[in-house]
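Okay, so subunit A shows up in both of these, paired with subunit B first and subunit C after.
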Partner chain A sequence: MTSATQPVVKLGLQLLRGPAGAVLVMTAIFVVATLAFFAINGREAVSLFQEMVMGAFGDSYSFSETLVKTAPILLTALAVALPARLGLISVGGEGQLYLGALFGTGAVLAAVDQPGWILMPLMLAGSMAGGALWGVIPGLLKTRLGVNETISTLLLNYVGILLVSFVVHGPWKNPNSLGWPATIEFPAGAILPQFFDTRVHMGLVFGIVAAIVLHILVTRSRWGLGLQVSRSNPRVGATAGISYERNVLIVMAVGGLLAGLAGIAEASVIQNRLQDGLASGYGMTGFLVAWLAGQHFLRIIPLSVLMGGLLASADSLQLYAQLPKASADILQALLFIIVLAVASLWARRSNI
Partner chain B sequence: MDIQLYNITKHFGDVTANDGVSLDVRAGEVVALLGENGAGKSTLMKMLFGLYPPDDGAILIDGRETTIESPQKAMSLGIGMVFQQFNLVPALSVLDNLLLAYPKPPFWTFRRLFHTSPRKAVLTYLHELAPGLAPDTLVRDLSVGQRQLLELVKVLNLDAKVLILDEPTSVLPPQEAERLWGLIRKLAEAGRSVVLITHKMQDVMACAHRVVVMRAGRMVQTLTHEQCTESSLVSLMMGDSNQRSAIEVTPREAFANRPPRISIRDLDARHGAQSVEDIRLDIAPGEILGVAGVSGNGQHLLADALVGLTPLARGEVIIDGRVLQSASRTPSTSDRVSYIPEQPAVNAVAADLSLTTNVALSHFRSLRFFPAWTPEEQLTRKIIQRYQVRPDNPALAAGQLSGGNLQKLVVGRELEGDKDLVVAAYPTMGLDAGAAHDIYQALFAKAQEGAAILWISEDLDDLMSYAHRIAVLQGGRVSGIFDPRECDRLDIGRAMTGEHRPASTQQPPEQKPADSHARAVS
Partner chain C sequence: MEYFTTELLTLLFAALRSATPVLAVVLGEAMTQRSGVINLGVEGQMLLGAMTGFAVASVTGDPWLGVIAACCAGIALSMVHAILVLGCGANQIASGVAVLILGGGLSAYYGTPFVGDKIDALGNLNHTFVSDIPLLGEFLGPITPTVLITLLAIPAISIFLFRTRTGLRWRSTGESQDITRNLGHNPTYYQLAAIAFGGLMSGFAGAALAVDYTANWVEGMTAGRGLVAVGLVIVARWNPWYALPAALLFGASEALNLKLQSWGVDISPYLLATLPYMIPLSVLMLSYRGLRASGGGMPAGLRVVFQSAR
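Right after this comes the complex of A and B.
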């Protein structure tokens, strides 16, 4: 080794010990694990992997489909990350998403004859109110009665999903749908704007803007400082005049509101109606993304895109390679375990 | 059993805790190890008890060099230690606690065969030392003195020939301390040796045969009991730092005829099993009201209720004519009320946030929505410098500092700015004398600026020296209010244990607080 290359090598090693090295190792392990998974299934591993990447990011259509899936993941991840900044573990993104869709749809059905400029704000307001409600209920249970928020948000997910199921099978069922459990189609005024002739919609913009605003508020503002203090030592927060109870309600409401927006966007743009099986597990994916990102709002954005890509390519895997639909879940699980394991390993090494 | 410590040296990082210390303890002797906090007394004894190995030097037992690598080894040699923090299970009875600490005899010994029941064995010393204590009493119902006795019995049950007691009187009211001194003398007469770690003159004068004075990790001098006078001991302990500037308190004339700055009226509060009842106290601007009492008699709850961390069940707290807290309102804290809680490292800082952030918390309400951090950092540097907080980097997370340094930071933070009331709970506990001196100076300077001070302490000496009045809390009630100029320590002690009401406080529940105030300041 010449003396000229030595500093370069040193710098490279230093980078490897930092987060860049962690990401590199995570990616390498994930690629190998995915290849192994394909091989176990008796497929041509390398070409199938290429297929998968192309299915997510290969051309403008597949990338647009990735972004379509990114929006609800991003929004539900924010709905988890914000309460986590106060030390709350909410798993309620899914239920809040359903409630947002439910209340938003309610607004649409109530004002179905109104023009778009009335209908659209009503629909969005309804969805935000619904999602916020599904966040505030566990928040109130927590502050008033000390009910563990993880349990209550988890259970309210089922209530939310089944409420939607109830209305689309019952009172809101479209009489002309020949038994198919769904509401009537949304009028044109209730369809969120989309971009570039694709299904990429306003929900993605809401998500990105929310992530940036929340990042600034939480890291720079007095309110964000209050969250940090309350999470670190609630007694100290109380002494400084920071109301933990009020902040619990705020973060749960704002989180729920964002997940609610994801719900109405799915109903409005993707399905044009409210129906069963609206979200197909976005809430859970969002939860995992939030934890992968270490509850960091800006890191959530690229991770949501990555996860959206994984879900989008799973559709094409199912189509072209006849792999079962569950393979997307398996790959997702592999990714999470690898990322969490490598991240912990790196954190531990840097502590020594 | 004779013990010799020879030339013991111990470093912790850059700090030299013991520097070539030699000490011998003979059978039947009470040796007092006297020194300020941080002088290295506990470290030396913890090495004898096998908690840390010495870096250099030797331990000789009956003339033979011995390595004591663990407390188990120390106990098997007959060395027992009673720590400041008790190691008892509150939910279990006295008997159960004793049985827990009693080793099962190994299977090959005759002791096992001829053993009478272990119950009887563990209770022998208990009956001897505390005949009145029923073995089925739950430990949580015991007084601090009784708990300490129980710890002592635990050690005696292990057949200890050498007993090390770490600051045993620091938590005891005066008359319990006297009982302990008697007990120590009795143990010595029975041929055991006792090492008494202490920073109190009274302990030394009362029961030590010999005094070893330590300062800054070194042994300064050994004196026999006859050679000791309190003043000679003080100057040996303090060394050059004896010339510290005096701590000034507000002259009584300054507030003698002023209306109270803070008035606590008929205050009741409850939290879990703790409660305080019927608290009526007035504090004038500039006045230092000491609160004495055995820990756990409501001090914590009273402080929390005053500053607005616990709702009042009854009564109100008035500050300059305005209601600060009342039973009919949600409690709220104020930037003009300072609170130095006990264990500041746990109760007063957010451990994962920076020192600057932790300092800014004292005036959180007046921060801008997007706070400007430069002035906060300057303020933090100022506090760090004034109170010698180490390490001195304001960007460090609070959790990276030791408890003592965090305590200094919290005191500095809470005494910054204009304050109407300062509630300080044990503000100097665990700090060395220099730091404690600085903190007292700063705290009492706040009083001279016109703040009312409510100062909770367990150190009767300090309370008697600086407080204008001393209120004693017992069982959640004020059991007496004393003027330190004209009262006896034993009166305070009796009020602390609630043995009987001393004459001066027979009427307080009916007496108006203002009257007792007037009496104390006149």
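Right after this comes the complex of A and C.
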């Protein structure tokens, strides 16, 4: 080895000891774990893995479906990452998503005869209000009574899903749907704009813009600094006029609002109506992505695309390779476990 | 009047039966938390236990083998949490959610072939000496073995925790790992045992649900019972004796839900189905008020967990 290349090698090794090395190790272990999972279940592991990658990013249609899945994951991940800035662990993305769909649909049904320029803003406002409500409730329980937000958000998820079931089986059921529990089809004015003749919709834009805005707000603004102070020591924050309680409500409401947007986008663009099983699992996937990203808003964007790819390819493999849908859950969980393990060990090692 | 008493007693025993899986999880999770570890993965462990128990009962034809297999499955999955939390030092909440997703995925993946199978139930106390007890015999009859085992676990856990030397060290680990270490014991061993016991009880709870209570396997059938149980541990103040009334709260809400529907009350079944979540949540709110004032017996080691996001 010449002396000229030595600094480069040294730098490379240094990078490998840092976060880049951790990511490499995580990726390698995850690929091996996925192959092992396929092999254990008697599949042609390598070819199935190739198909999985192709199913997510192989052609423009696959990639568009990946982006369709990306939108709700991105929005629900932001709904986890923002409260985490205050040290809150919210697992309520799922319920907030359902409440957003519920309130947004309510607005559509109430103003169904109005033109699009009235209907669309009403629908979006409704969905944001619904999601924010499902974020503020655990926020209030936390600030007023001290109820742990993780438990209250988890329980409220089930309530939110049941409330949607209630309206689509009951008061909002379309009388002409031949017994199928769903609302009427949304009018054209209540369908969010889509791009390039695909199902990729405005929800993705909302998510990306929100991630960038939140990143700037949290890293550059007074309010963002206030969150940091509040988190590390609420009492110090209080002496500087920063109310921990008010910040809890704000981050929970804004997080819920974003997840609510994801809900109405699913109902409007993907289902064209409100019905049961609106978006099962996006909330949990969002939680996972937020943690994988280390609660960092900008890192959430590419990770949501990757996770969207996993879900989209699982959908297509279910069709073409009879791979059960649950395998997507198993692979997500494996990825989460591997990342948690490697990141924690890496952090521990660098502390020594 | 007699009609009313009968209805009330029926409701109470129905509540006890539907509370049993939750009670088992509350007992196990209370023991886990007593050592200073919280495990949200109990929901996933319960699901995997339910699926494994049902599958083994279906294949072998012996429901008791199913119960044992369910316990093993619960312990096995809980070890993922143990490795992440104790071995790698990962965040407990995140690790719990990972276990939750894994348990849900595994049980859905491997449980599909067993959907719709018929299994032999564990049986109940009908036609035993219990039936001859005047008045109460009629209500005690439908009690099943998992109910009895879970109820017997209460005094057993209580004696272990409060009357034995090991139980004392178990509790001291949850208050301060340093104390246990200074006494010459390894706190990690106690936490490992605590997580495994939580796994055992949640796996058993799954069996109580799938092999005994419903004799059926459906994907995602626990429907948040494990998570409700984690909340109810706080209501029960980490005390095995209070676990019974806390779990009965869930059982009563579920029994009430079914009862109201059978009476033809004109409320949507979907709204009634929110009761088993709303009632525990409401009581949780009340008990947090007390908790704030007095500390309410929360293991000191848990406070740290509850107050860190990463």
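Heads up, the rule we're going with is that the second predicted complex is superposed on the first by the 347 of 352 C-alpha atoms of A that agree within 3 Å, B and C clash if a C-alpha of one lies under 4 Å from a C-alpha of the other, contacts with A are read in each partner's own complex, and residues count from 1 in each chain.
FYI, contacts are C-beta pairs under 8 Å (C-beta built on N, C-alpha and C of every residue); 3 or more make two chains touch, one makes a residue touch a chain.
In this text, all values refer to a predicted model and were calculated from it rather than measured experimentally.
Partners subunit B and subunit C, brought together by superposition on subunit A, fit side by side with no clash. The superposition places the C-alpha centres of subunit B and subunit C at an angle of 70 degrees about the C-alpha centre of subunit A, rounded in steps of 10.
Of the two partner chains, subunit C is the only one that A:Phe166 touches; subunit B does not reach it. Once the two complexes are laid over each other on the shared chain, residue contacts for A:Val209 go to neither subunit B nor subunit C. When the two complexes are overlaid, the chain among subunit B and subunit C that reaches more residues of subunit A is C. Of the two partner chains, neither subunit B nor subunit C is touched by A:Val9.
Once the two complexes are laid over each other on the shared chain, residue contacts for A:Trp291 go to subunit C alone; subunit B is not touched.
After overlaying the two complexes on the shared chain, residue contacts for A:Ser221 are found with subunit B alone; subunit C is out of touch.
In the superposition on chain A, A:Val229 makes contact with subunit B only, while subunit C stays out of contact range. Annotation: superposed on chain A, subunit B and subunit C show a minimal Cα-Cα gap of 8 Å.
Of all residues in subunit B, only 307, 309, 332-335, 339, 341, 347-353, 357, 360-362, 364-365, 367-371 touch subunit A in the complex they form.
In the complex of the two chains, the subunit C residues touching subunit A come out as 40, 80, 83-84, 87-91, 93-95, 97-102, 104-106, 108-109, 112, 219, 223-224, 227-228, 230-231, 234, 268, 270-271, 273-274, 277-278, 280-281, 284-285, 288-289, 291-292, 306-310. Partner subunit C is touched in their complex by these residues of subunit A: 84, 86-89, 91, 141, 145-148, 150-152, 154-159, 162-163, 165-166, 169-170, 231, 284, 287-288, 291, 294-295, 324-330, 332-334, 336-337, 340-341, 343-345, 347-348.
Remark: subunit A residues 220-223, 225-226, 228-229, 232-233, 235-242 touch subunit B in the complex.
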